[in-house]
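Here is the structure we will look at.
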Amino acid sequence: MHIGLVGLGKMGGNMRTRMRDGGVTVVGFDRNPDVSDVGSLEELVEALPSPKVVWVMVPAGDPTRETVRQLGELLGEGDLVVDGGNSKYTDDQLNAELLGAKGIGFVDCGVSGGVWGLQNGYALMCGGSDEDVAKVQPAFDALKPDEGGFVHAGKKPGAGHFAKMVHNGIEYAMMQSYAEGWELLEKVDLVDNVTEVFDSWRSGTVIRSWLLDLLVAAVEEDPHLDKIAGYAEDSGEGRWTVEAAIENAVPMHVIAASLFARFTSRQDDSPAMKAIAAMRNQFGGHAVHTEPPVGGDANPG
Amino acid sequence: MHIGLVGLGKMGGNMRTRMRDGGVTVVGFDRNPDVSDVGSLEELVEALPSPKVVWVMVPAGDPTRETVRQLGELLGEGDLVVDGGNSKYTDDQLNAELLGAKGIGFVDCGVSGGVWGLQNGYALMCGGSDEDVAKVQPAFDALKPDEGGFVHAGKKPGAGHFAKMVHNGIEYAMMQSYAEGWELLEKVDLVDNVTEVFDSWRSGTVIRSWLLDLLVAAVEEDPHLDKIAGYAEDSGEGRWTVEAAIENAVPMHVIAASLFARFTSRQDDSPAMKAIAAMRNQFGGHAVHTEPPVGGDANPG
Amino acid sequence: MHIGLVGLGKMGGNMRTRMRDGGVTVVGFDRNPDVSDVGSLEELVEALPSPKVVWVMVPAGDPTRETVRQLGELLGEGDLVVDGGNSKYTDDQLNAELLGAKGIGFVDCGVSGGVWGLQNGYALMCGGSDEDVAKVQPAFDALKPDEGGFVHAGKKPGAGHFAKMVHNGIEYAMMQSYAEGWELLEKVDLVDNVTEVFDSWRSGTVIRSWLLDLLVAAVEEDPHLDKIAGYAEDSGEGRWTVEAAIENAVPMHVIAASLFARFTSRQDDSPAMKAIAAMRNQFGGHAVHTEPPVGGDANPG
Amino acid sequence: MHIGLVGLGKMGGNMRTRMRDGGVTVVGFDRNPDVSDVGSLEELVEALPSPKVVWVMVPAGDPTRETVRQLGELLGEGDLVVDGGNSKYTDDQLNAELLGAKGIGFVDCGVSGGVWGLQNGYALMCGGSDEDVAKVQPAFDALKPDEGGFVHAGKKPGAGHFAKMVHNGIEYAMMQSYAEGWELLEKVDLVDNVTEVFDSWRSGTVIRSWLLDLLVAAVEEDPHLDKIAGYAEDSGEGRWTVEAAIENAVPMHVIAASLFARFTSRQDDSPAMKAIAAMRNQFGGHAVHTEPPVGGDANPG
């Protein structure tokens, strides 16, 4: 198979390598000429045999939308675009429509794997018609792990990114699950070696997982995580998962709480807690801390 | 009525005043001789006519337990102890048993009202037998607001403090409700005058309340609460409410979340969020922030 | 002042009455001829002196958008539309733009008060330019309570509905706060008369509020709420509040949890809990309930 | 090594087998004579060489406390009791004290593995002095998986059960994480084959885990879990985890929410949501559902 790949950053660059190792002929384009195979998007398109397949691997939002728009002008009937970035599923529906008007096919593909994907393979969740997915299958086969790790999630555009989005929502809450347990074990005086406890859980327990392996790797380097700030970004996908839950009236207590915990982690001070403190101060004079003697003060609030 | 009052701090002192204003004869004892009417607990007990009624208004936990123990030695059959502090309902059950073994009655009484109680009256929730509660009724009548504000919550010891405890749990969550709304309004660019919005809600809306009045008073002084840190203590009662919910298999999402928000507000950094950051760093190299160019990087995670 | 009012349902009908009682001349239109003053929207517009002011009080979403669109064709430069329905603030921005293109002003107004508004006045939160708001002020003054209850939340379209939306989000969480406390008190064996406890809280406590008054009214009729199903709809506003929080990275644990509790209340069975039960069954054979004898079974999970 | 094992239910019986397969000589006692090696606890103790080691594997709470009490009378200085059940860590502290007064050692051991433990090994988390733990090590080695799965969590009694307790708390929240994601995917119309999506996640994704394997096994049998009710018991450990968090002021949003979701799953109707419905009915007449026509009703609440 012959494929064009737009975007050769950390993800795209490794994916090019894995596709080539898997026998796919890849022509890559990136704005950074040091890593690019060709000088322009036009050259990339010209270099491909028809029907042309172009995999877009650039940041979600405007960059992806703009790249898809340009490809809509460069490609023609029977060609195909794959969006492998972290796009929102509603973007896919718009992109599929835009390209479909010109007879260009569209497949959306959520990609998981991070820096481990090159070696272990990428998990792929794609959406699109059977016919369009079939055209990309050799690339999917090269990218995915040896066993499993690929799913054609649905025939409508967005099905793949929706599945990947939910994956990320679950990921947030799983991480928060371990994190809360770790904090409690760190806090109590009873358990002497929290790192060993977490390490032991990697075998034989109900909660063994790859995320647990990662957490153990981290605490083995820095047992109390002294060098790491409790600050966590969130990608769009956690937010979209909760929004999709709200739209579909699905209760989502733990994924939402995990998302909110990340928001809190990025605040210097919490406006909400200022309001709490202000109310407490109004009704009970709680701002003044006094240590009452025996026979002294009781419940001011 | 004649009553002994142990503990003349901010709460006890004002309650002595309000009881006296209401026609109750009060003899007060406090370790602080400047405010105490007598020199010792023994003198207080001697000063009371039989059957003696002693209201304990000292901090919950050891101070209250110790005072009750001492009163158990000084009082006798037919006398009565009222615990008006913030004791846990399970303590009441122990105190009632201890005193009951000597024929001394026991009434537990949750008191709400804070610094406003002297003027407006204290809300009182008490537990104990009809007979015991009747003995204290003149004091309750003097303390409570003109209308309402008093309930005999149950005949078992602890019923009053349990009701007060739940009151405080509800209070936590109500405060958090306003606080979250306030934070959102402060954050968005759309609403020009958040203080006026909150003030307007005091009339005609579904959410008007005394807590809202307090919050408005606070933001009228300091519109963005710049002078207040987002730091909130919790009394034992919020914790006990959630524990009682757990023990009784009652789902308690919002009261628990409000309690946890207070815990978070007191942390310099969040150990849980360190763990999140550590895992993210392991799987995606997320610690390094890079701005990908168009045609650059996509979804490293 | 002379005003047109479109939509004479439960809310609109009462608002017409209150405006008239306040000295505003109102011409109302509704599809239901029994309550309508005129036969069509065209007649309503014709009946108004210039500059014409039309208050739209129809369901949010398509009905409001369609009514605004029609008014955009019937009104002219210098006229004004007020949207008093429960529209999303983003709709206001679109409506203001649509009307603004024709020189027609736009004010959005969140209205709270329900069935009590006719008697007590409606709380009003509006958005729009000073000039436009001034044109509607006599109507606002007639509708609002005697004291307070009106705010010009911001000059941008949507400010009023945004403030009302947050009001509703807070309302959800306040209701959930009382509801959780009520459930706990109902569940434990300790408190004999939960209704009296709640009633007593209406005086002197930190948690007194109008919502508490309503809950007391309900449990005085039906102490254990035997006649009411635990089923709660949600209007769009609770959802939009959480979505706005997510968009603005504002942690919103309790309002979100309150929304999710409503979703859960409407489910016959919980798909999520089916998944939990399925996992438990896989790892521990938890589907089979056996009572182990002493010397019998232990921790199968 | 020679060990006594009390309790030969589903867990204890399999553990006897695995210990024997691992070269440990086991004498087992159970009230059920069909599975018991000896006729009484006395016979079991007599059958052991000194220093005697007895592993207690009976239900937590009264059964375990009673068995430990009896062993305290039958064993002597230098002997040792292991509690491998699901005891609360605070029970361990009492048991260690009781036995310690007679010179009998005590080790607490949390055991995870369920029905899979016989084949794959049990994960073991133990607490106690180095000396005591060393006496049981051959049994631990026989029970644990080939690699890892054993930790000496701390030297104080209860350290092992505390670690196991937190493990279970994490487990609750991880299960809830997958469950919420599954519900959302089932609900939306976009993803055609949810089972395949979950199956694909088992390879190459961030969220691969043993729990995911179990969920996939379940949905492969019954794709929409039609045969399973959304009803989930909770063991004590989830509750104790949240209680320990509260006691230690550790925010625990997601584990607590997971616990509450289980409580909700077991309710026929939600008292809290009855209260919500009652308040809504009071303020807005929300009990009556009417479909307003265009030009009809708007925001009654």
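So that you can tell them apart, the chains are marked A, B, C and D in the order they are listed, and the count of residues begins at 1 in each.
The rule we apply is simple: a contact is a pair of C-beta atoms (placed from the backbone, for glycine too) under 8 Å apart; a residue touches a chain by one contact, two chains touch by 3 or more.
The UniProt protein names, listed by chain, are A, B, C, D = 6-phosphogluconate dehydrogenase.
The structure displayed is predicted, hence computed values, not measured ones.
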Note to self: On a CA-centroid basis, which chain has its centre farthest from chain C's?
What the structure shows: D
Note to self: Quick check: superposing chain B onto chain C on C-alpha atoms, how many degrees is the rotation, to the nearest 5?
What the structure shows: 180
Notebook entry, point to check: Counting in whole Å, what is the centre-to-centre distance of chain A and chain D, each centre being its mean C-alpha position?
Noted result: 31
Item checked: Centre distance in Å when chain B and chain D are each reduced to the mean of their C-alpha atoms -> 34
Item checked: Rounded Å distance, chain A centre to chain B centre (Cα mean) -> 43
Check: Using the touch rule from the top of the page, what residues of chain C touch 2 or more other chains?
Finding: 114, 176, 178, 180, 183, 187, 206, 211, 249-253, 257, 260-261, 264, 270, 272, 283, 301
Note to self: Under the stated contact criterion, what part of chain B meets chain C in this complex?
What the structure shows: 89, 112-114, 117, 120-125, 127, 144-145, 147-156, 158-159, 162-163, 166-167, 169-171, 173-174, 176-178, 180-181, 183-185, 187-188, 190-193, 196-197, 199-212, 241, 244-245, 248-255, 257-258, 260-261
Checklist line | In the complex, chain D residues that touch chain B | finding: 206, 239, 242-243, 246-247, 249-253, 256-257, 259-261, 263-264, 266-267, 270, 272, 283, 301
Notebook entry, point to check: Quick one: in the complex, what on chain C touches chain D?
Noted result: 6-12, 29-32, 57-60, 63, 66-67, 84-86, 111, 114-116, 168, 175-176, 178-180, 182-183, 186-187, 211, 214-215, 217-219, 222, 225, 228-233, 235, 253, 257, 261-262, 264-265, 269-286, 292-301
